[in-house]
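Both complexes shown next keep chain A, but they swap its partner, so chain B is in the first and chain C is in the second.
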Partner chain A sequence: MDVTPPAEVVERRINARQAYRSDLKPVWCPGCGDYSVLTALFAALAELQIPPHQIALISGIGCSSRLPGYAATYGLNTIHGRPIPVATGLKSARPDLTVIAMAGDGDALSIGGGHFPHAARRNIGMAYFVMDNNVYGLTKGQTSPTTPTGEQTATSLYGWPEDPANPLGLALAYGVSFVAQGVAGDVKGLARLMVEAIQWPGFAFIEILSPCVTWRGKEQYDVIRDRARPIPPEHDVTDLAAAFRYAHDPEHLYVGVHYRQRKPTFQERVTALQQKAAAKGAGNFDRYLAKFRA
Partner chain B sequence: MSTSHTIDFAALTLQDALDLGILIEEDARERYGEFVDQLEAHYTEEAAAFFRNMVRNEGKHRDWLTKRRTSLFGAAPSRVDASMLVEIEAPEFSEADIFMTLRQALDVALKAEVRAYRFFADALKHVRDPQVRELFTELRDEEVEHQQMVQREIDKLPPGPEPDTRGQADEPVGH
Partner chain C sequence: MKQAVTIGQGASCPCVFLMGSGGDGVVTAGDLLARAVANAGLHCQMVKSFGPQIRGGESGVWLQISPQPIQGPAEQVQIAVVLSWRSFGPFARQLSLAPGALVFQDEQDAALAPPDLRDAGGQPVTPRSLPLQKLADELEAPRSRNILLVGFIAGLLQLPAALIPEVLQRKFGKRGAEVAATLIKAFHRGRELADAQARPAGLPALAPVEAEARLLLSGNDAASLGALHAGVEFFAGYPITPASEIMTAMAEHLPGRGGMMIQAEDEISAICMLLGASFGGKKALTSTSGPGLSLMVEALGFATQIELPCVIIDVQRGGPSTGMPTKTEQSDLQLAVYGAHGDAPRVVIAPENVRTCFDATVKAFYLAEKYQTPVIVLSDQQLGHREETLPATAFDEGHAFRTVIARRLPDVKPGEPYKRFALGDDPVSPMAIPGMEGGTYRTSGIIHDEAGNPTVSTDLHRRMSEKLQRKMTLILAEMPGYRLEGPAHADTLLLTWGSTAGAACDAAARRTAEGRPTAVLIVELLYPLPTEALREHVARYRHVAVAELTFSGQFLRWLRANGLALEQALAIHRGGGDPLTTSEILQRMREAWT
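Up next, the complex of A and B:
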């Protein structure tokens, strides 16, 4: 919370966050990390004072993907693994909207994993929040791509034999222009990261460690708390190699912005192309098509 | 975990301080309300009933501060930013539990009141304005009263070990 200087007095609603809340009551399990993510999102939107009708939240399927239903913004609970393509289409058609895609770790890295690198290389102007609980929550606790090696789950009773994917490492390798990690247990810290991500001109990814108390137990909070460390303030966020080192640290989960590098967005490139085409004048599409006739 | 505040307490005026107090109470009221919804949905009625009480209490405190604010400063626009004000007196979401007993609910509230006490006690180290000092001292001392009130409720509970509510749920498969 900041006290704004008198010169910039802004009248804010006492309960500014409430403006974003829908009438639907969340049905997540008590203790679920996703409650904190929702509150952090409301805080970030209130801080940015974006009117609800200018926001679209696009999710896939999963416990975490219920989130758009709880917000009084536009939103779409799409199909499993597809928030990125739907959000990409929306942002392309309505670049004026604040588009936020969101997913669980299963949604984002299993079935929807193929969309991630393409959103990154296109640098679509949207935020992408992945609520990672290391498990498929909605479908009752099966392993996901981020389940740690050796973990016992509903589908790995003797321990999980695979190595987990590293979402931050993948984002960096794919060329995502804004990469950060937040934890559900720190609502205010997470909200601040969301403010940055939402304002970022380009594709902004936040890996959110959001415990599933039902299938991973409350202990998941302790595990995260023990391993979480703020990213050191001296970290140069444009240093990709350093960002990789933090992302792959074997001991600690670094919280904060790992990487940030401005590059042209998809919308900027498309606008440039439109201007180029307009300068050339109207083309003859039929003549162009004729080239392909046998 | 949300304990970092960036409030410039030395610059707070009485109006800001009252607005801040209102927001803190509102945040707590809102959170207890969410706990009520969560626990009602899972038929954890005793804990839900206690949290419902907390909603009323926090609402009363908020209204009392609002009355004071209005009588002193009318509808003067607030200079305090509400959006990032979270979990000063409100319990953290992680503290809710599907099979929460009344004792666990009371413990959660007690912890939140202690946190709020610490907030005002720490703030008082930086406050300069004498009227703000007076208000924050009052609010800090009220947190002690709230703690005592919750403690009295805890003391009324029958002695003996807590029922193992974990057994009522499926074991999290990972443990």
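Up next, the complex of A and C:
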């Protein structure tokens, strides 16, 4: 049971979170789930006490990808579908930084869907937050890869004839080492998941159900609330088969950590091969040049 | 009986062609000869050609040898050895035999010789048989045919006998003293074979010139060396012919110096990884060819927009689409200078020979860091894969472009505002990198204000566009971006770029020798184009020709688009995938200006 903390603790927390807020005012619509995601992110960063200048937020294109602009960290709002490769380049070149990639459902599963399995294979040490609203909001209401079958949208006037992707199922199939689902409506729970994901040694994916009131209506909150269930505490997070069952549950949206399995990170493996190469003397210009002596 | 023959018409550098099927070892033979030639203080240029098969296909090696540095591509072959007529087909069109050329075959293969082999003058050529396999079998080293071949060619060209055993020892010594001894024996048997032949007349003496140490390397090797010299820290790329050698070199050398090579899932990912690493303050490189560059253009525009340094080496191949991956062309020019939506200036720089693949790469890193911009190096298959001898000092101070700079960081203080894209007299605004306290900034491909925040201000769009463009003006003020070669009194100017420069220089020299003094202007900086300087030069000449290896004349059109009139210019360009030759360029000039 939550106990309300003393006033000065609350104030300290608020101040700590404020340190992560930039001067820019979000342009999201009133009621957008992304506000809660931003609040949860500030709470998570404040709890982890990571200095803002040690953080880089890397997003793609879309409503949710505006997020880095609102944080007083380093940030790049990159091009459509490419937050993963940009963040991969940054994190592998600068393992000292906290790198968080973020995307919408279009970025993550449509135009940039091809990068997802490779980030999983590499197990890059970064968090990846996908704000999924089942719709293309910025371009005004077209279907997305997670729009439910049959829905009418700007690009499916007679009903959407395709099946939606299952982001959690894909992440599990790709071998992502940390897979979780959060909902924008539960800031506290989402912040807890974010803390775990940011600290996770490897690639940590959170599917965040973040409603779009403008194109999906206020009822998207209700749909999510009605279908959301906490992942049962007895769930073994290393049980991949069980995780698949939760991810593909036809009725419920399970919130919490679905899967968590430690495996070597890209950085750990690269460090090992860097040592091997250095021991062989590779990388020395003069030695390389000498190879071409006729 | 020895029979004197005269081959070539005053050929200044003999060209040898060796051809065999997979496993015959002709590439190794070419490499050994090239090393021996290099150690004799001579110059050589080696072009390898492979069939489309990955293994077991036919392969051919062209080896030009000269006492002088070689510029243009090989034209006619004076000595050819064919080890497998069965696989000869794909080379039949490429092989131009000089009048009087000597063609040799293995006697066991003689029955398969084409009945209608002719030289460039239309005279029939009868291949001469050599007992190569027989001798190899006698040595109980049936796979030493290629070493016999090396001995034979060395003997025919009267290369110093001592040089090759030393190279053999170095190359094969680690397989055991016995192996090396057998191969050295094979080499000498090959030389004895040559003694039985008449040395072809008309070839220049190839006595050792000087005992100067030499390098033997390809353009892709030189570019890789350049990248290491420039301090590359990060490479991401996707395998593609003919650029993969650079990626392989980075995979070998970057980890040892604390960097890394990431094999990306595609070229879009590769360039995006570069931008991530560069945002993190690292010097980042990728290498690719046309299809890969096509995939990279969106991110290229993003790099321009957020002013991130990165270097892309495009080793061009024949296009369009998959085109001809193992053949050469200069037809990515248009994509390199125009590729990306919006007004997105970038730097495009081109090496003209193997040596300048080093310079262009070092310069690319220099310009990328100094002006915070993407830089494309336009190499091509011809430069990337051909091997050349160079002085051992080729990349030393005073011989090559070696300037290396670090990123210009701002003087930031916590609590004080930092403007990443400050608009001032200097269009280059110092760049903070993550980890710097007080330097945090957010930016995006969206038009941004000085701090990096998105804006819809039309005024800022104009001013930021000017900022990007002014960087290009500064680059032009810093370097000429071209090279002029030829007699001061020339009345003809040959404009060219990249790998066509060699043949153009040779053609100009021959034209000058014919009494029509001709100069060559080689454009190194294709974007920003040094238009003013080019205009002044062009105006001084009576005749102007533009030579390039594209079907449609992309270079000529790029010069025109930049405001060079050139209405009367002789346009020398074609498709085909093989480099423009000296004779081709010369012939076109002779026809145009009698």
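Couple of notes before you dig in:
In the analysis below, the second predicted complex is superposed on the first by the 267 of 294 C-alpha atoms of A that agree within 3 Å, B and C clash if a C-alpha of one lies under 4 Å from a C-alpha of the other, contacts with A are read in each partner's own complex, and residues count from 1 in each chain.
Please note the rule applied: contacts are C-beta pairs under 8 Å (C-beta built on N, C-alpha and C of every residue); 3 or more make two chains touch, one makes a residue touch a chain.
Everything quoted here is computed from the prediction, not taken from an experiment.
Contacts of A:A247 after superposition: neither chain B nor chain C is touched.
In the superposition on chain A, contact is made by A:K188 with chain B only, not with chain C. By the touch criterion stated above, A:I208 is placed in contact with neither chain B nor chain C.
In the superposed model, A:A197 makes contact with neither chain B nor chain C. Contacts of A:M131 after superposition: neither chain B nor chain C is touched.
Of the two partner chains placed around the shared chain by superposition, chain C is the only one that A:L289 touches, whereas chain B remains out of contact.
Touch criterion met: A:R216 reaches chain B, while chain C stays clear of it. Within the superposed three-chain model, A:G114 lies in touch with chain C and out of touch with chain B [touch as defined at top]. Across the superposed pair, chain B and chain C touch chain A at no common residue.
Contact residues on chain A toward chain B in their complex (touch as defined above): 1-4, 6, 9-18, 25-33, 35-36, 39, 43-44, 46-47, 135, 141, 151-154, 157, 183-189, 191-192, 211, 213-219, 221, 225. Across the interface of their complex, chain A is touched by residues 1-2, 4-8, 11-12, 16, 19-20, 22-23, 26, 30, 34-35, 37-39, 41-42, 44, 77-87, 92-98, 100, 169-170, 172-175 of chain B. Taken together, the chain A residues at the contact with chain C in this complex read 22, 24, 51-58, 61, 66, 68-69, 71-79, 82, 84-94, 96-97, 114-115, 118, 270, 273-274, 276-278, 280-285, 288-289, 292-294.
In the complex of the two chains, the chain C residues touching chain A come out as 34-35, 38-39, 167, 213-217, 221, 224-225, 228-229, 233-234, 236, 249, 252-260, 262, 264-266, 268-270, 272-282, 284, 298-299, 302, 306, 389, 392, 395, 432, 434-446, 453-454.
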